[in-house]
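Notes for the one structure printed next.
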Amino acid sequence: MDFDREHRTGLAEAVFCSGKSDTQLKAICGQLRQESRSMLFTRLAPEVFELLQSAFPDMIDYDSVSRTGFYRPRSQKDAQKETQKDKQSVAIVTGGSSDVPVAREAARTLEFYGYQSLSIDDVGVAGLWRLTERIEEIRSRQVVICIAGMDAALPTVLAGLVPGLMIGVPASAGYGMARGGETALQSMLCSCAPGLLVVNIDNGYGAACAAIRALNVQINR
Amino acid sequence: MDFDREHRTGLAEAVFCSGKSDTQLKAICGQLRQESRSMLFTRLAPEVFELLQSAFPDMIDYDSVSRTGFYRPRSQKDAQKETQKDKQSVAIVTGGSSDVPVAREAARTLEFYGYQSLSIDDVGVAGLWRLTERIEEIRSRQVVICIAGMDAALPTVLAGLVPGLMIGVPASAGYGMARGGETALQSMLCSCAPGLLVVNIDNGYGAACAAIRALNVQINR
Amino acid sequence: MDFDREHRTGLAEAVFCSGKSDTQLKAICGQLRQESRSMLFTRLAPEVFELLQSAFPDMIDYDSVSRTGFYRPRSQKDAQKETQKDKQSVAIVTGGSSDVPVAREAARTLEFYGYQSLSIDDVGVAGLWRLTERIEEIRSRQVVICIAGMDAALPTVLAGLVPGLMIGVPASAGYGMARGGETALQSMLCSCAPGLLVVNIDNGYGAACAAIRALNVQINR
Amino acid sequence: MDFDREHRTGLAEAVFCSGKSDTQLKAICGQLRQESRSMLFTRLAPEVFELLQSAFPDMIDYDSVSRTGFYRPRSQKDAQKETQKDKQSVAIVTGGSSDVPVAREAARTLEFYGYQSLSIDDVGVAGLWRLTERIEEIRSRQVVICIAGMDAALPTVLAGLVPGLMIGVPASAGYGMARGGETALQSMLCSCAPGLLVVNIDNGYGAACAAIRALNVQINR
Amino acid sequence: MDFDREHRTGLAEAVFCSGKSDTQLKAICGQLRQESRSMLFTRLAPEVFELLQSAFPDMIDYDSVSRTGFYRPRSQKDAQKETQKDKQSVAIVTGGSSDVPVAREAARTLEFYGYQSLSIDDVGVAGLWRLTERIEEIRSRQVVICIAGMDAALPTVLAGLVPGLMIGVPASAGYGMARGGETALQSMLCSCAPGLLVVNIDNGYGAACAAIRALNVQINR
Amino acid sequence: MDFDREHRTGLAEAVFCSGKSDTQLKAICGQLRQESRSMLFTRLAPEVFELLQSAFPDMIDYDSVSRTGFYRPRSQKDAQKETQKDKQSVAIVTGGSSDVPVAREAARTLEFYGYQSLSIDDVGVAGLWRLTERIEEIRSRQVVICIAGMDAALPTVLAGLVPGLMIGVPASAGYGMARGGETALQSMLCSCAPGLLVVNIDNGYGAACAAIRALNVQINR
Amino acid sequence: MDFDREHRTGLAEAVFCSGKSDTQLKAICGQLRQESRSMLFTRLAPEVFELLQSAFPDMIDYDSVSRTGFYRPRSQKDAQKETQKDKQSVAIVTGGSSDVPVAREAARTLEFYGYQSLSIDDVGVAGLWRLTERIEEIRSRQVVICIAGMDAALPTVLAGLVPGLMIGVPASAGYGMARGGETALQSMLCSCAPGLLVVNIDNGYGAACAAIRALNVQINR
Amino acid sequence: MDFDREHRTGLAEAVFCSGKSDTQLKAICGQLRQESRSMLFTRLAPEVFELLQSAFPDMIDYDSVSRTGFYRPRSQKDAQKETQKDKQSVAIVTGGSSDVPVAREAARTLEFYGYQSLSIDDVGVAGLWRLTERIEEIRSRQVVICIAGMDAALPTVLAGLVPGLMIGVPASAGYGMARGGETALQSMLCSCAPGLLVVNIDNGYGAACAAIRALNVQINR
């Protein structure tokens, strides 16, 4: 594990579980136990979480929607630093209910680093008033993470209405020409609203890391 | 030329000039003169129009934005039938100024068949109020043709607000991941608003033909 | 749920079940029961239908070919309005037997909104007389929905023969270069017959919604 | 040059001029003069033909539509053998006028090898009767070469009507989703009519070579 | 079923079983029984064959490598006509052992129509002498069907050595950039050897149908 | 023009000149003159700048590397607000000299809004020490914009070394598999370093807008 | 089997097991037993290994990470020749733990031919010091095989630091825009570091074969 | 310029001129003059070479086929070291005449570093004996660079016949499905001959650099 990364970038390494064998994941947990470290696990299947928890009781706090787990709570020192953080500086907005797992991965990553976030779901622009009813809530946040699949029209509309940092996460849900999220990704990259930033398909974790980069810098100043 | 098509489908053949040699285009004009027919020419470069007009004075009424020309006005009988038509049954809406040539190709095709249309330009949803100011005008039309490039978020928002037939035309303008209009096309096909129909990139002519199919049927009933 | 959409567009929201968890679907049914609303469910697996029906007896009328279900019949008021509708204004035409599930999704969506439709199956143009035998039946409809996979030659031939609104639905069936329906989609978008409109691959629901938009407008006039 | 190829396969090498420098083409002509050989030149620009002809008077018989030239007529021995050939065994059919240059490249290649062919142009299936009027003429040929662009629906309809060897040539003409002929190519490869064979986009030369392979074998038996 | 196709094209319809439900396949068998017809079934899983055979004893002669079955032997009249056929006019050549199922589908299709064929397997050009040892056998055939995956170099080498009709079938086997046979397909379409014809990926059936078209024509003359 | 956008989002609309006709651009300048507004012009060819400047003397300050121009300096009120801004909060880093025009477009956009930026060019990681020599300078910035083409390895290395907000801009320069910047884009989206954000190919303007969103928020708090 | 290949190229054929049936694999083993040959099996599933070993005891030495097996140890003569080989001339470097199976396939292929290799895992450049700590070890090797997925930034950095032959192997692990290793492949092909060579996705076997080609030549000189 | 690269990797940086402005290229030449260094320029247009040479007389030795130029001959020390090099250790083989410019770029790069190479042109495998006549010459080289476009069958055949290091360079020449060299690239990556290595399309320079890596290592041992 790259335990020095947090020192350099403010972001510890996380464990992307998909594609790792049980043996590899247990070895990582063993290393964490030995070094008394905390760690975020993403794309963690429920049955694998149970397997790990039975061997490592410090593997705690599984969330089945986002498929994330925490190894040990973060240290006291970290917790203290976090009290200085604006707990509600991030809004996480989704177009539809199939985007929720990605949104929760972002929320859980923020939570692991001590940030709370506001979740606003199901405000896709095919029903525009759903968004306009809640726009003031969203406008007040420093960072807006917007998860959208299919045509991904929501982040463009949002980015034309809010002043904060806008991060789009294309969602893989959909069929046919949705192409596993590639259409949503392309659409976000071609947004007519200036300053919309994009991460990989379904990468809620990466969007949260970017939000933390933006917020950390402010604290450090 | 397929002069029987109009009888069967209500739509005469048109001449898509791009890629046709001057020799081929002159041969077509010659045939039209001999048969005393009118015809719509699309993708017609200004210098080619001039060349044709100098040899065939019936080649009239060139529009440089849409790059369309008419060979002879349509016949009296056609004109009469057209008086029965609802002159304002179609709205043509664009997201930005680079979509205008495609929009005008649609408008000119409608005009050739005796339909007027309402043009509403530059109401892309990155500036949402531009659209909402004009939405009632659009809502009252039977058919809405919406030209949009880049992320093509506009037709999704529109299709969630209007009850009429919605036809999306992806525009090729843009750069990078706009991929010559493919992103806009994919985005429209994946629209979260139900019932949005799509034609080929930049195909304003085809969108107008579809609108005429919808309107013809109503007249015939 | 976006219960206001029908008021604006004449089309209620439908529930696309694929990718939604049982928990999410039950929550939707609960909401429908509470608000005494009817709803169309698409891409609904038979075992999920049974699960829902056991908890919500109003979940009725499952069709296994189209994988659609209805929650409650539509209201009296809706039914009355429907008597004004032309019950046979839509033809749904398929090229081959593997296109039938998509065709039935379109037919069921129309049925939910009170429209009957004429189904004509297996008239692919590799055996041209199968189509020519039935062309007069098709020509008399206001809207023709044509489902075709592989090379999708059928909608081009059809669109050259009928005057009504033509909607093509690419089917995902096939192998190799059929690419899950992308070849059929591209082929339809490039149709040499003017005015052919296209929806997403396998999107029978969307084609029906577009047909309803065209027909609603006529009724409203 | 691979002068032995004709002995092995019945097909001499040809010179694909596109991308070759004037220097390279002159060197080839020099070699042909020295060895007293005849040769087919394809994709030969008119100005390059003139340049070559001024230096090599044996460079004859340029056709500007197909952009082909012949270096020397083929030898007496070849000519005699050709008298045994069925002069009208191949039909070359196009969907539209933009397919004609590719069709002529096929016709000229056949001509170079001593075969005449029947050209039937502009019978695309968006106007079906144009094809049905001429289908009996086409049905009587041993080989049918069909050039079509855009949606390439024509070869599928043809292959369902004729018993001979069917060779499809996708044409690059078109715009948007025609993708330089890739949609036509994919469509032909996915044809629902069995036994349709395909060559590279715009490859009229290759289609003619395949036809010669089929016809040579019959003569040799 | 399109029972008239054989009359027009010399090729009866076949049943592509993949994606058809058991119900649909049984209905087809019922129709065949009623009309006393024979039929080729392709992409037929062994368990489905058993299911069909238990209900329809005329479903005979299953081959598990090609996954093909025959419904009833072809009629007497057909058998007689076949005695006139050159039983060994086709060679079927593969590059490697993973291409064999596709090769056998071609061989079985030929067999259904009364043609025998010569199978030569595992002569990929990465070991060139494997091919050169057998080239004379292949050269004597009227038609050569060549199945190859991955880089598909074999058909180009073959087409430079044999005079007969060359049909390439790209095979889907492979990994990574083989892209399910698309690389082999593209490679064949770009062959530097003139006159190589191509069918869809894994389409052994289509290649055989094309061979029959070529051979039928010769018989009919 | 969408003059209200700045009020909502802190970012005024800019004029993307590519694809706009001279007539359209002059109309925009006329509108700006009438409303006494300042505006950023991007993708502005030098000859078009000269044309505009001759008619509108307020069109000033053209930069030929970035192809940007300013219409009027920004207002006093804006200038005052800018004095509160951290003038050196953004670093703009390029991998090679062909990335410089994109980098300058970002720098000029920042300049138009009153931000200075630090430019560090030609530090691609194929020569790693070029980067390591300057890493401390980069680490101290709040936002790092990194332009890279080809394999785009630089932003991944950077994002593992710096704590600030990381924005990657794929550059279109390159050949072959660089695919006009798509490989660089895909590579950035798949970065193994968490929190790297991406914009469209060559979109230096968009990257700068995103940086301004991040910095504005800090000022507003 | 192509038993002559080793004589010509120094590389015996290997058995790529994926997609081969048990029957085909047993036939190969039978042939090996009869000819007393040794053979490398790749992409060999553990259950298939067990099946083969129970019938052929010479099938030995299965490695479950690389999924490779050896049939018989290589002959004495081979072993002798191998003593002349530099046992540590190859380094195999991975970016992350999901690249390890591909790396082991390369290591096992080398081992089968009598070469040892140095494995250095998990030195991806998102944590640059992990690589710099071990760079001197890598620099001393004649050949460096580098396996990397996602953005594949590692081989570019490595190729700028080491003088030996550099072979990149794109790994298929990843999600979204990783596209099964295509992004890593494109990124490597566009590397800004000169002289990086690339093989197919996940092709550890091919990379090892190339290394053996380079090393064999040296021995032979 | 990265003047330290040669020390680390044995390969100096080269100047890829395409896309660099005259100003940028002159600045590079100025730097070279000041530091008395030699340098290879690739993709250098003849008119740009003349411009540079008129200002910098040390810019010498332009080759118009490969479009390469040398700035100053390499130093004495370099020249001495080169006398130890095997002057004929590399063969550069092309399939056809359109591959020659890429082949010459490789040859010139080798020449700049003091290696001679053997060029064998026009031995594509559609005429197999052209290759077999020259195979022994090729077999004796340590490294074989093979440039091939279209279907790229040549490197597979070669790699099955020669023991040396095999480097394939896909060529962009071709039309239709050649896709600017992508088909050749994919074909090489999927080669059935083990150990074929690949570089970017048209990247003769990169292939030569890889050859130098392989040869340098041998010298250094």
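As written, the chain order gives the labels A, B, C, D, E, F, G and H, with residue 1 at the start of each chain.
In this text, a contact is a pair of C-beta atoms (placed from the backbone, for glycine too) under 8 Å apart; a residue touches a chain by one contact, two chains touch by 3 or more.
Keep in mind the model is a prediction, meaning the values are calculated, not measured.
Novice: Which chain pair is joined by more contacting C-beta pairs, A-G or B-C?
Specialist: B-C
Novice: Where in A-C, B-C or B-D does the D-E interface recur, with over half of the contact pairs identical by residue number?
Specialist: Selected pair, repeating D-E: B-C.
Novice: Averaging only over C-alpha atoms, locate the centres of subunit D and subunit H and give their separation in whole Å.
Specialist: Each chain's C-alpha centroid was found; their separation is 36 Å.
Novice: Subunit C to subunit H: how many Å between their CA centres?
Specialist: Using C-alpha averages as centres, the distance is 58 Å.
Novice: What residues in subunit F touch two or more of the other chains?
Specialist: 5, 126-127, 159-161, 176-178, 182, 185, 189-190, 193-194, 200
Novice: Following the definition at the start, I'd like every touching pair of chains, please.
Specialist: According to the stated criterion, the contacting chain pairs are A-B, A-C, A-F, A-G, B-C, B-D, B-F, C-D, C-E, D-E, D-H, E-G, E-H, F-G, F-H, G-H.
Novice: Looking at the complex, which residues from subunit E come into contact with subunit G?
Specialist: Against subunit G, subunit E makes touches at 97-98, 126-127, 129-130, 173, 175-178.
Novice: Taking the touch rule as given, give the residues of subunit A at its contact with subunit B in the complex, in rising order.
Specialist: My answer: residues 95-96, 124-128, 150-153, 156-157, 159-161, 174, 176-179, 182-184, 186-194.
Novice: What residues on subunit F touch subunit B, complex-wise?
Specialist: 2, 4-5, 13, 18-20, 24, 170, 172, 180-182, 185, 200-203
Novice: Quick check on the complex: what are the subunit E residues that touch subunit D?
Specialist: 5, 8-11, 14, 142-143, 159-167, 185, 189-190, 193-200, 205-206, 209-210, 212-214, 216-218, 220-221
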